[in-house]
Structures are given as structure tokens and as C-alpha cells.
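There are structures below to look over.
You will see chain A twice below: alongside chain B first, and alongside chain C after that.
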Partner chain A sequence: MISVQACLDGILLGILFALIAYGMALQWGVMNIINIAQGDLVILGGYIAYFMYLYGIHPAWGVIVSPIIMFFVGIAIYKLVINKVVDRDLFISILATFGISILFMQLMNFAFGADVVLANSDYGTTMLFNSNVVLPNSKIFSAFISILFAICLVIYMKKSKLGRAIRATAQNARAAKILGVDTEKVYAATFGINAALCGVAGALISITFTIHPYMGLPYTIRSFMIVIIAGLGNLPGVAMSGMGLGVFEEFADYILGTEFRIGSVFLLLVLILVYRRFKLSRKREYLK
Partner chain B sequence: MNKNNILLYSGILIFGIAAPFLFPAFKVQLSILCVLIVLATTWNIQGGEMGYNSFGNILFYGLGMYLCASVQVGMFFPLAEWTESGGEKTFVHTPAQFFQGMAVGLIVAAVVPTIVAGLIGYSILGLRGHYFAICTLGLGVAAGEISGGIEIIGAGQGFTTPPFPDVGSLESRGEFFYFLSFFVLILTFIAVRGIYTTRFKLILNAIRDNEDKAEAMGIQTMKYKIVGWMISAFFCGLAGGIMGGLVGYIDSTDVAFDGREMGVFMVLMAILGGKGTLWGPIIGATVFHIFKEGFWTFFLGWQYVALGVLIVVIVIYFPEGIMGWLREKYPERFGEVVDEKDRKAQVELK
Partner chain C sequence: MKINKIIISFISAAVILLSTSVASFAKVVGDKIVLGAAISLTGKYSSNGVHTQNGYNMAVDRINSMGGVKVGGKTYKFDIIYYDDESNPKRAAQLAERLISQDGVEFMLGPYSSGLTKAIAPVTEKYGVPMVEANGASRSLFTKGYKYLFAVLAPANLYLDVAIDLAVEKNNGKPVTVAMAFEQDAFSQDVRLGVLDAIKRTGSKKVIDDKLPKELNDMAATLVKVKQMKPDVLVVSGHTKGALTAIRQISEMKVDVPMLAMTHCDAAKLSKQHGKNSQYALCASQWHKTLTYKDDFFKDGMTYDADFTKEFGYAPPYQAAESSAALLVFKDAFERANSFDQKKVRDALAATNMQTFYGNIKFASGGQNVDKPMVLFQVMCDDGGKCENKVVAPTKWASAKLIHPIPSWSQR
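Presenting the complex of A and B:
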């Protein structure tokens, strides 16, 4: 029964990871930037929902408010930093976003304090299998909302004008520019959408789990891992590997103990990269 | 080596030996500066010369730190009882034990990370570009998280390194650690300078510029990459061992595997000074350390905010570093022949 519990927990958690990873894949594909600050954007989104909770508004509304605020935060970051590194060496952009990550971490630490907090949603729990498996309703709610947002975004990317411009830029930025797409605007919008997705995920995380200013980096690493397992532009793959990662984490937590949870995530990243490297080197190729 | 160089080196050497007596209040800061220069210089071997930008050298630094302290304690006393709170009060090192332990500890702290680097090198160095960067970032954080869960080295509550024994005056602790780190700095400088005059450096540069072509020219790139990474690991471990004794307290994520501070510092210092030059990381580390110590107190509590802004500013506006800027300004000094007409044409173009 405990394994059923861990599986279900993992799947519900993994859907959230997949949402964050989708944002990561979007900006990676379009702008060729790996955003180390991704996780910190998530945590910032979570704090917005937490603050609504503190002022007596139900934190579930954070799902709507937080992406709107985060969209503008994302655009601000793009205008200030990212547009200066977007066409430079990848290492430069990694280092720059690492700087943003440290900055955000510390600013959040000042603004909200170093306590582990959670926004209580009062959703109760669902019992399954003779109450051997306990699922908080908030987790089910968050998985449902994530799927909803992901579907909306996919449709938006397929149908709308901006979505088509984003996809065109991802395929070939130069050709898109020639055909009259304002790539600068597209980049800004992409980064904003990514931040908004982080905002949604963060609000959901603050309802279902806990948030803490320094918890950002593991979310970045998780989303990076999901993207490299699934490959860029492979949406079902992102969802599947997100859930797989969630299940892995719940089992690692259960078997090794909570203190090794984050460590096991980072080790898994190293192992996956090394595995892919050996697999590719047989064909005399390499990850790049 | 020409006359100017001899003058410069002997000047630095004399200054280095005299420094703790000239500025007795800054002994600890000077020792930290030496360690920082060692870290930046050795990061530069594989970050700047080889083009493999690693966030993971902190792994060797932390490993060296833990190993040195563990050996120093474990040679004479039971380690598990030491790391339980208060162990350092029951067991006291005699001066002879302390120095013996430190010597053996530093050797272990240098050798084991080198072996570890050799072992993981084949798998990790097959990755390229940002995959390598993220993978090493993961390695560093994973090491921190895992070492924070191991009981025998203090787990979450930290590890107190053996306190300095009571020999001579109060000042002797600072002097000991200063001269130790200065010695390691000289050792590093001689080694790195020696490496940079050999064919090995040219091969590393070839790997940085175009690895596929280097391989096509018949260079076994993997072999050289691993050796470069091992040299880095050797000095990082040594620096970590000294730093552990200097700080006097080891915590898994805040001191040893501190990717947020030391791990970024070494990258930042090398970039600030200029990647891929001998003097760049040294100048970068000095400027960075002076800036950090000078201004950190002003920012009281806002250090990390300042650090984050600093990283972004350096990376965006000075990616070539101080040496790169000097090189652009005075190309003649770097042995580059500049055509006067060409320069004028460039100025007019701008």
C-alpha cells in the first residue's frame, strides 16, 4: 500500500514538475537559454499565493493572480538582463541567470523570512483503498489545474498569432526575422510566458507542499532533467518524464530517507547525463 | 625569463613574506586571498584554457576539506566521538600531533580528489558545453546534500576541525596558516606557469577552440582533458584542506560544498581577471577579494544581493575580464603586432 501511496503522490507531484519543465523547454527551444533562476521564479510565484493567504484571500486565487504578476516580472528580467546575453555564449547566460538566482534567493529571504511556509487551502483529504492511501485534495486540485494550464498553453501556441511567431522563431530565428516577426518581442513574450507558468506552478506548490527561499535550485535541476530526458519540443515526453521523476523522488524519499531526497535528485541528473553521454558516444556523437 | 620578470617575481615574493608582519591585522584575510588565488588559477586551467566551464570544482575543494580534517582527527582519536558535539573538548591534540596530522591530512586531501577526478573524468568530460556546466553543478550540490546526511563527519551539525595547539604567541596561528597558504600559492604558480610553457597548454587550447578538429589532428583529447581536470582537482583539494583548518569549522553546505559562494567565486574571479591568461585569475582574485572585504561590511546582510548584481554586471559587461580589456587597449604589450592603418580604419568604422 505504501508503494501505491508513493506512486500516486509521485504522479501528482510530477505533473507539477512537468509544468515547470514545459516553461524551461519553451525558453530553451526559442531563445537557447538555460535559466538557472527558473526555480526561484517558482518560489516567488509561491510567495505571491502565500501572501494572498496571509491577507485572508483563498490561496487558490493565487493561481490566477500569480501568473499575471510573474509575467511582468519575467518581462522585466528579460529587458534588464536576458536580452543582453541571448545571442552570446551559453555559459555566459548560465552564469548570468545564476546571478539572478542568487539575487532572488536573497531578496526573498529578506522580504519573506527564512521560514518554511505553506498556504493552507482547507481542501481536506480523500481516502482510497479502505483509507490505506491518503491523498490531500489540494494535490489533486493542483494536478488538475496544471493540466488545464498546459492544455490552454498548447492550444494557444497552436492557434494564436503570437504562438505561431514563437514557434517560427524557435525553428529559425533569422528566417522568422526576414518574414517580419519581431523576434525581440517574441523573446520577451516567451520569457514572460515561462515566468507566468512558473508563477502558476509556484502558487500550486505553496498550496500543496511548502516553500522556502532557498528551495529554488532543485526545481531548476528537476526541470532541466525532465527536458533532457524528454528532448526539446516533445510534450507528451515532458509529461511522462515529469511523472517518472516524481515517482522516483517519492521512492527515494521513502527508501533512503528525507535527508537524501535532494541529493538523490542531483545524483540522478549526473547519472542521466553520463548515461546519455555513453549512449551517444557509441555513435561517435556527443551531447551539445 | 628576462630581467623585468625576475624583479617582479622577487618583489612579489618579498612582499608575500613580509605581508603578515606589515599588516598583522589582516593575516586571515591574506591567507584567504592566497586560497582564492589558488582556486581561481586552477579553475582557469580547465575553465579558461580547456573551455570546460565547471561549477563543480567545489566538489574537490569540499572533499579536500573533509578529508584533511578527518585524517587529522582520525589519526589520533576516534572520529565518531569527535564529531558528536563536544568531542573537541575531550580530546586535545599536542602540537606534534597537530602538525603531523595536518601534513598527512593535506597530502590525503590533495591526492584523493585527484584520484576521484581521474575516475569520474572519463564519464563527465564526455559532456560538452552547458551540459558539462549543469552536470558539474549537480555534482557539487549532490556532494553537499549527501555529506550533510553522513553521521561520522558531523552530518547537519558540522565538524569542528582540531583547534590550533598552544605554541608560542597568540599570533602563531595566523602566521602558520598564512605561510602554509602562501607556500601552496607559490607551488601552484610555479606548477601552472610551468604547464603553460609546454605543449600540454597548446593542446588544451586546441580542445577549447575546436575539439573535433583537435581529435582529427590525432590528439587523444580525452586523455588530456582528464589530466587537466586532475591538476585542477589536486590544487582544489589542497586549498580546501587549508581552508578547513583556517575556518575551524566545517559545515556541509555552508563551508565545504558551498556552491553558492566559493563555487561561484572561483568562476567569477577567473572571468573578472580574464579567462585563459596566467595573470588574469590572480588579478581577478585580488580585486574581487579586496572589493568583497571592503564593501561587504557596507552591505551588511545584503551581501548576496550585491553578489548577484555583481555576477550579472561582470558577466554582461566584462566577459573578457581585466586582462582582456588591457589586451584590447595595449596589444603591443602582449606581443601582438598591430597595423597602424588597420587600427585607424577600425576607429573610423566605429
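Presenting the complex of A and C:
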């Protein structure tokens, strides 16, 4: 029963992380930008849901309100900063987004205070297997909403005009431009969509966990890891690696102890990268 | 070019002049005793930093309005120079250096948190500047042999060992099983050492000993273990985040433990954020308004609570109360030393033996206060969902009877 519990906990946690990683992968693929401020956008989204909760609105509505606000925040960040670094090398964009991250942290601290806060959804708990497995409904809700948004996004990217333009730009920005795609608009939209996804994730995190102005970085690192493990441009892989990491983490915690939880995840990352390199080098030999 | 050079040399001359004139600012100016403090007014500790500052200011106003400090037949008033350390230890150490060598401050008040106090203590020690601090409880502060550091609060290892004693008492003196979940930071690990001592002393057994990563806000795996092992006591310490996360997940996962003991519940405003879900949690606190200590300036805890609330618009957390107490200690030491000589004031501080509204204060050779036990309060809610913190241990100050064991979730 313990392993079922750990497995389910891991999957529910992983799905939420995968949603954040999804935005990061999209942006990375289309704009070649690694967004260090990803986690801070998540936290800002969380605060939007938290303030709704403070004013007596159920925080679950944050799942709708937060992405709308965050979409425009994303566009504003793009217009002010990102469009100046989007064609430069990766290092410049990392520096720029790192700056945005620090700015956001301080602004949130200034505006909302340094207290740890959370929004209560009062969703109750689901008991399975004769109460041996316990799942908070807020986590189930989070996972469900994350999947819903991910599916909507995949369909949107496949069917809509903008989605096709985004994919075309990701494949070859220059060619897309020549064929009449307004890449500037595509970049702005991509950044906005990413911020909106962060908004959804943030609202869900305020319901399931806690938020604090300085808590963004772990989410950035986690989503970065998920994208690295999945491989760039591999969107279904993001979902799988998100869940996989979540489950691995829960089991590592249970078997090795909580202090090894984060360490073992990093160890797994190193192993996967070494394995990939090994596979790649074999492939090269084969091609010779 | 020439004009540029002239302007540059003019500006540098002005800067040099200004910096030397600042240096003439000294510790006792006219009838003022100037104390220095680096406080976290921005950054992650800013909430508690502000509580600390409010506590200091409240005491300064009160002491000044009630006659000030009498040294050598003359009356002096307190004044404090504050700098914002941005919750950053490096910055705090720089500011301490600046307060002492540039502003000429000869007596310091502590910053907020153990980490920042650790950064400042070597500086004050180097210059022989007596520092009375109220917000650094880490045990390692008091084992380094510092001669000029004095803490009005009880050290971190005493935070939760009372809870283990209480659990053993409730178990008819028989040993208990303990599950521990502590964040990996200096303070929480010190609390853990104290709990381990208590476990050893009472012959109890630890069944879970989890160290929570700083960046984690999910304790589900630990709580699954708790559900399986069914310990008599669950002890959690991980600052505000730890307290909030623990209550949220314990209530969501319906974890039943006979006793739940935590730190930082006061700052976490548990009952405000979690309502009835936080009921029955035991919280370690340095101070509670219902304690019956007394002094001439603030009278007692209830009066302090009312005065503070009137002035700042919120009820004082213990971080504010202990900060106010630091000023009372300084006043007492200055008057006994009857001098502003740093060595004499230091010796007077070391010989402190007094009662304040916050508690008795008497320093051990390491600088920690050994005369003030921690208190445990329990969150108790009425049927309307209104929750209150009530002191349950030590029995001398208990204003309510401990509810033990905690009723299971199915009965709530």
C-alpha cells in the first residue's frame, strides 16, 4: 500500500511540475531562451489566486483568472526585455531572465510581504483501499487541471493558425519569416502562453502547497531538469519525465530518507546525461 | 578636459570631507546613548525584521519617556541607528563593521535570525562591542566562547524538549516513540539536537528522523511514514513554511498522532490560515502574553500586548517582546556599570540577574539566557471556529489543560 501511495503522490506532484516544464520547453524550443524567471512567474500566479481567496473568492477560480493576467504580464516582459535578447546567444537570455527573476522576487516581497501564505480550497480527502491510501482532493484537482490545460495547448498548437506559426518558427525561424510569419508576434505570444501556464500552475500550487516570494527558484530548477531529461522539443516526453521524476522522488524519500530526496534526483539527472552521451558516442561510431 | 578634472577632484574632496565628518558621530552624544542595529527590513526575513524593530522602538520610547538611563548622576536617552541588512549575512557583517568603525557605535542590538547573528557576532567580538541580541537562538552561537554576545532568549535546543517530557508524563512516565521532521538549517537542527537529548534522557525511541530540504514544501512522504509507524509524538520544525505545510498535509492526509509539537506557529499564524485544522497543535514559544513575569516599564505581558497592539496595530509576536526585553537589559547594565566603558558594561551585562515582563534574564558564560524556560501553547478552538493559543506547559503558567491524546480525524 505504501508503494501505491508513494506512486500516486509522485504522479500527482509530477503532473503539476510537468505543466511548468511544458511552458519552459515551449519557450526554449521556439525562442531559444532558458527562462530563469519561470519559477517566479509561477509564484506570481500563486499570489493572484491567494488574493482572490483573501477577498472571499474560491481560489480554484484562480485557475482561470491567473493565466489571463499572467498572459499579459508575459507579453509585457517580452516587450520590455526579452525582445532585445531573443536573437542573442543563450547566455545573454539566461542573464536577462535571471535579472527579471531577482526583480520579481524583490517586487513580490515588497508588495505582498515575506510571509509564507496559502489558499485553502477545503476540497477534502479521498480515501482508497480501506483508507490505506490517502489522496488530498486538492492534489487530484491540480493534476486534473494540469492535464486539461496541457491537452488544450497541444490541440491549440496543432489546429490553430497561431499554433502552426509557433511550430513553424520553432523549426526554422528564418524560413518562417520568409514565408510571411510575423515571428515577433509569435515570440510575444509564446512568452505570453508560457506565463499563462505558469499562472495556472501557480494558482494550483497556492491550493496544494505554500507560496512565498523567494520560493520560485526550485520550480525553475525542477522544470529545467524535466526538460533536460525529456530532451528538447519532446513535448510528450515532458509529461512522462515530469511524472517519472515525481515518482522517483517519492520512492527515494521513502527508501533512502528525506535528506536524500533532492540529491537522488540530481544523481538520476547525471546518470541520464551520461547514458545519453554514451548512446550518442556509439551512434557516431556506427555512422563512421 | 581641465574642467572635468576640476569637477572630479572637487567631488572627491567633498566625499572625503563628508566621510570624515560622519566618523565623528559617536556612541554617547550629549544626552543620547546611540545603539546600532542591522535589521532585515527587506528580503526574506523582513516580516520578523519589522517585528524586531517595532520591539526595539517600543522599548526605546518607553524607557525614554519614563526617565531614561541614569549613569554618573546624569540622565541619558536611548537612540538607535538602523541599517537594512537585506536578510543577507554578508551585508549584515558589513553593516556591523560600518556601524562600529564609521558611525562610532559602541553598543549593538542584535539582528533577526540565528544566521545573521552568527555573521555579526565575530565583528562585535573583534571590536569588543557588547551586543545584546534577542533573535538568534542557535546553540552554536553560545559555544564559540564569545565574550561580548548576550542573548535574552532561550537557546534553540530547549524549544521542543519540553514536549517530549510532556509526552512521557502523559504516558505515565513510560518512554514514548518519537517521529521527527526537521528542516536542514542551523536553527531547526539545533532544535533537533535538543529533542534527541530529551529522547535519550527519557529512554524514549525515535522511529523517524527526516531532514527536510530547505526548498521543499511537501511533507507527504514523511507523513506516510508517520501513518505507518504510529508514533506517540510527531515533532516538526521548519520555520513558518514547515509549520504551515505540516498542518495542511496532516489535515489533508488525515494523519492521527496523539501529540503534535512544532516551532514557529506564532509567526505562521496557524489558526488564521488553517482555522480548526490547526487545533490541538502544540507550539514552542519564547513568550506568551499570559505569563506572569513583571517589570516597571511594561508591567506584565497582558499590558505589553495591549500597548503594542495600540501602537502598531497588531498583537505582538514573541519576536517583538524579546526585542523589547533587550533594551531593558541594556538599561539595567548601564546603570549598574555606572559608566560607558565597554568592558565595564560587558561585565555588568554578564552579571545581569533581573525580571522583565518577558521573563527572567540571567546569562550563562556562553551568553545564553538560562533563567527563562520555553513555554508550550496549544491551539484551542471553540465551536464557532475561533481559535486561541493557550499555554499548557510548564504547569506553573498553564492557563489551560493539555488536550491529550489529540482526537482522531474521524472523531473531529
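Brief remarks follow.
What we mean here is this: the second predicted complex is superposed on the first by the 247 of 288 C-alpha atoms of A that agree within 3 Å, B and C clash if a C-alpha of one lies under 4 Å from a C-alpha of the other, contacts with A are read in each partner's own complex, and residues count from 1 in each chain.
We take it that a residue touches a chain if its C-beta (ideal position, glycine included) is under 8 Å from a C-beta of that chain, and two chains touch if they have at least 3 such contacts.
Just so it is clear, the model here is predicted, and its values are computed rather than measured.
By the document's definition of touching, of the two partners only chain B reaches A:270; chain C does not.
Contacts of A:106 after superposition on the shared chain: both chain B and chain C are touched.
Judged by the touch definition given at the top, the superposed model places A:115 against chain C, while chain B stays out of reach. In the superposition on chain A, A:48 makes contact with neither chain B nor chain C. Of the two partner chains placed by superposition, only chain B is touched by A:95; chain C is not.
Of the two partner chains placed by superposition, A:16 touches none, neither chain B nor chain C. Touch criterion met: A:34 reaches chain B, while chain C stays clear of it. When both complexes are overlaid on chain A, the residue A:210 reaches chain C alone and has no touch with chain B.
In the superposed model, A:86 lies in contact with neither chain B nor chain C. Annotation: chain A residues 106, 109-110, 217, 257, 259, 262 touch chain B in one complex and chain C in the other. Of all residues in chain A, only 34, 81, 84-85, 88-92, 94-96, 98-107, 109-110, 217, 221, 224, 228, 257, 259-260, 262-263, 266-267, 269-270, 273-274, 277-278, 281, 286-288 touch chain B in the complex they form. On the side of chain A, the complex with chain C involves touching residues 2, 5-6, 9, 13, 106, 109-110, 113-118, 120, 125, 127, 131, 134, 136, 138, 209-210, 212-215, 217-218, 250, 253-254, 257-259, 261-262.
Contact residues of chain C toward chain A in the complex are 42-47, 181, 184, 209-213, 215-218, 220-222, 224-225, 227-228, 239-241, 244-245, 248-249, 252-254, 267-268, 273-275.
Residues 53, 123-124, 126-131, 133-135, 137-139, 141-142, 144-146, 148-149, 156, 260, 264, 267-268, 271, 301-302, 304-305, 307-312, 315-316, 319 of chain B are the ones that touch chain A when the two sit in their complex.
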